[in-house]
Amino acid sequence: MEISFMEFLGYYQGIILKELLRHLEIIAISIPISLIVSIPLGFYISPRPKLAKFVIYITSILMTIPSLALFGFMVILLAPFNLGLGMVPAIIAIALYSLLPITRNTYIALNQVPQGMIEAAKGMGMSSKQILWKIKIPLSIPVIMAGIRNAIVLGVSVATFASLVAAGGLGFFIFAGIGRSNLKMVLVGAILVSALGIGVNYFLLTVEDWVTPKGLKIKR
Amino acid sequence: MIELINVTKRFGEKVAVNNLSLNIEKGKLTMLIGPSGCGKTTTMRMINRLTPYNKGDIKLNGVSINKIDPVKLRRSIGYVIQEIGLFPHFTVYDNIATVPRLLKWDEKKIRKRVEELLDIVTLDFNFAYKYPLQLSGGERQRVGLARSLGADPEVLLMDEPFGAIDPINRLRLQDSFLEIQEEIKKTIVFVTHDINEAIKLGDKIVIIKDGNLVQYDDAAEILANPANKFVENLLGQDRSIKALSLKKTKDFILKNNLITVSNEETEKEIIKKLQEKKAKIAFVLDKYHKLIGRYWLEKSKKNEQVEINFDDSPIFTERNNTLNETLSTMLESGEKLLPVVNRKKIFMGTIKLNDIFEEVNK
Amino acid sequence: MTFLNYFLENYNKIFRLSLQHFWLFIISLIIAIIVGVILSIIATEEGREKIGKVIISITGAAQAVPSIAVIALVFIYVGIGAAPAIISLIIYSLVPIVFNATSGILSVPKNIIEAGKGMGFTCNQILWKIKIPIAIPVIMGGIRSASTIIIGTTVVASVIGGGGLGDLIFIGLKLNKPEALFAGAFCSALMAIIVDTILARVEKTITPKGLKARK
C-alpha cells in the first residue's frame, strides 16, 4: 500500500523523534569529552610552536581518515571490551575528529592576539593571568566557537553511522531504507539529517555571534 | 595635448564633475587638487576611460578617447594609484615588464628597458628579482613608478602616489620624482590633496571644488592672485612662505670657492689644502663624485691648536628640495652651509644660508 | 594475527577494490574541479558581486549537510551502481571547491585588480594572470578539502553499490568480520593520507613564489 510522504512522517513520528534524540545524545556526549581534551591542549601548545606543529599534524591526519573508516577502527578496538556495538564507537570517533578543529582553532586564536595589545596591557601593569583572562580569552572566543561549531556539524555527520552498530540515530532511516528498498524511508532520513546539519550549524552561528565581544562586531 | 571639453559625470543623482573644461599641456606636470570628494580622482580616471563620462568629450592629441579601444588606450597611458597595486605574485622585473609584455615587445628590449627604469628610480638591479612583499614602502613606490613608465607612455596618470608614505620618505620621493621628470619630460596628471605637494611639484595647478574648475594656472600665479576665498583658504595663511617653496635649491647652488677632496688623500694633505685656500670645510667625494664625508677644521679647546674632524655621514640637502626645506635643514643642524646632492648622492655644489635670506627679503 | 592473514589471503580482492576506489575518486575529483572552477569564474565576473556573495552563503551552509544525505538522495532518484556514486561524489565535493574558489577570487585585493585594469589588461587577462594565480592557495585548499571528502564519501557510497573499499567495511560490520572491516578501514585511511600529503606538496609547488615571500 503506497502511503504519501506526510502520512509516513505522521505514522512514524514516534520513531523519528526517538532516533533524533538518540542522534543528539551521541553528539551531546562526545563533544564535551572532546572539549575537555582539545581546549586545554590548545592552550598548552599555544606558546610552544614546535610541539604545536606536531600536534596539529597528528590531529589533521586523524581528520583525513574517512569517517566511516575511523568509525570502523573504533568498532574493532572496542570489540574486545564488548563495547564494539552501541554508542561508544561513534562517541569516540566524533571526539577524535573534533580534536583538530577545536585544538587548532584554540591555538591559532590565542596566538593571533596582536603583540602590541599584550605589550600595552603589560605596560599598564596587568599580570600574566589577567592578560590571559581579560584579553586573550575574550578575543579568542569567536575563533574557538567556530572550531566547536565545525566539530559539532561533523558530529552530526559521523553519528549517522551509529545505526550500523545498533546505536540508533537518524542514520537508521537511510541505511534501513536502502536495505529494504523503501524510498520514502530513505528520503525521510536524508531530509532529517540534512535539516539537522543545517539547523545545528545555523543555531551555532547565532551562538557564536552572541558570544563574540560586541566591540569586535562593529562594522564601519 | 589632453583636452577636456565640457565634461560632466554623474553618479546617480550626484554630479561628480560639472561641465569641466581643461587643456593639459604636453610635457608639463599638472596637479589636480581640491578637498575630498571634489571630483579630482574622477576627472583623472575619465582620461583613461576607467570611468566613462556622461557629457562632453575628452581628446588625446586631437582624437576623442571614446573612439579609441579602451584597452589599447590604457596600454598607452601610465597609471599609478595610491596603494600602487603591485602584483605580489610577480617579481619586480615582471611587474615592470607588464605593459611591454602586453604589447609583445621582445625580451631583449624588455630587459634593457627594465635596467633603464630601475636606474632611473635609483634601485639597484638586484631588486629585479625580489618580490613586492619583500620591499619597503618607499621601494614599492619606486617600482610602481617604474612600472607605469614600462612601455614609455606619453602620458602618466598618478592618483596620490605618495599618499601612503611617511613624511620623510615622501619628501625624498618627491625630490627624486622631480629630477626624474626633468629627464623624461612626460605629460603628467597628478592628483593630490596636499597643497604643499601641489606647489612643490606642479608646473600647473588645477583647483577643483564640488566638481567645478575653480582656478587653473601656474603655481606662482595662484599664490600671487588666488581667484577667490576658497582658493585663499586652500593655500593657507602662510602664502608668502609657501612662495618660498616655489624656489628650488638647485637654482642657488654655489660651485666656486669650495674644496672637495677624494677619499684617497691623507689628513695632512687635506689640512694643507684647507689652509692654503683659507677654508674650513672640505667635502670628500668617491670616484663617482658621490658625497661620502666631510672634514672641518676647528680650534681645539685644550691647546689652541687647529684640529681636523671628520664626519662620515654629513648632513646634506637635495637639489630639488625647496628653499624652505633646505632652510629647515640648516636651522635644525645649525649649519650655515650645506652640500647639495642629486638623487644619486652625486655632489653638485653648496648652498649658503645668507643666500636664502636674501631671496626671502626680495 | 588474523588481520594480517586476511590481507595476505585476500590480497587480490583488496587490491581490486582499492583500485576501484581510486578511480571513483579521481574521476569525481577531476570533474568536480573543472565544473567547480568554471562555476566560480562565472560567479565572480565583474558586476556580479551579489551572485558571488550568494553562492558563498549557499555553499557555506551546504557544507553542514552530511555526505550520506546526498548519497541517499541520489540513490532515490538515480538508483544504485557506480554512476549514482560518482554523481553524488561530484555534487558533494563541488561545495568546498566552489566555496573556496569563489571566496578566493573575490578576496584578491581590489587595488591590484584596479592597477591591472588601468594598465590595459583585458578582462580575460585579469582573470588568468592576476586573479587566479593570487587565489591559488585558497583554491588548492578547497581541492585538498574536496579530495579528503571524496575519499571518505566513496567509502559510504558503497552502500548504494558504488564499490570500492567501503564494501569491505560494510561486509565487516554486517557479517561481524573484523578482519574485513580492518582491511577496508586501513586501506581507505592510508589512501586518504597519501593523497592529502601529495596534494599538500602540489599546493606548495604551484603557489606563486611571490606570495610566500616575506621581508
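Order of writing sets the chain letters: A, B and C. Residues in each chain are counted from 1.
FYI, contacts are C-beta pairs under 8 Å (C-beta built on N, C-alpha and C of every residue); 3 or more make two chains touch, one makes a residue touch a chain.
Just so you know, these numbers come straight off a predicted model, no measurement behind them.
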Centrality ranking, top chain (CA atoms only):
C
Top chain pair, ranked by number of contacting C-beta pairs
A-C
With chain centres defined as mean CA positions, report which chain is farthest from chain A.
B
Quick check: how many Å separate the C-alpha centres of chain A and chain C?
21
Cα centroid separation, chain A vs chain B, in Å, comes to 58
Distance from the CA centroid of chain B to that of chain C, rounded to the nearest Å?
52
So in the complex, which bits of chain C are touching chain B?
109, 111-122, 125, 130, 133-134, 208-211, 213-215
Which residues of chain B touch chain C in their complex?
48, 50, 71-76, 79, 81, 83-91, 98-99, 102, 130-136, 147-148, 157
Residues on chain C engaged by chain A in the complex (per definition of touch):
61-70, 72-73, 75-76, 148, 151-156, 159-160, 165-166, 169-170, 172-173, 178, 181-182, 184-186, 188-189, 192-193, 196
Chain C contact footprint on chain A (complex, rising order)
61, 63-70, 72-73, 75-76, 79, 153, 156-157, 160-161, 164-165, 171, 174-175, 177-178, 183, 186-187, 189-191, 193-194, 197-198, 200-202
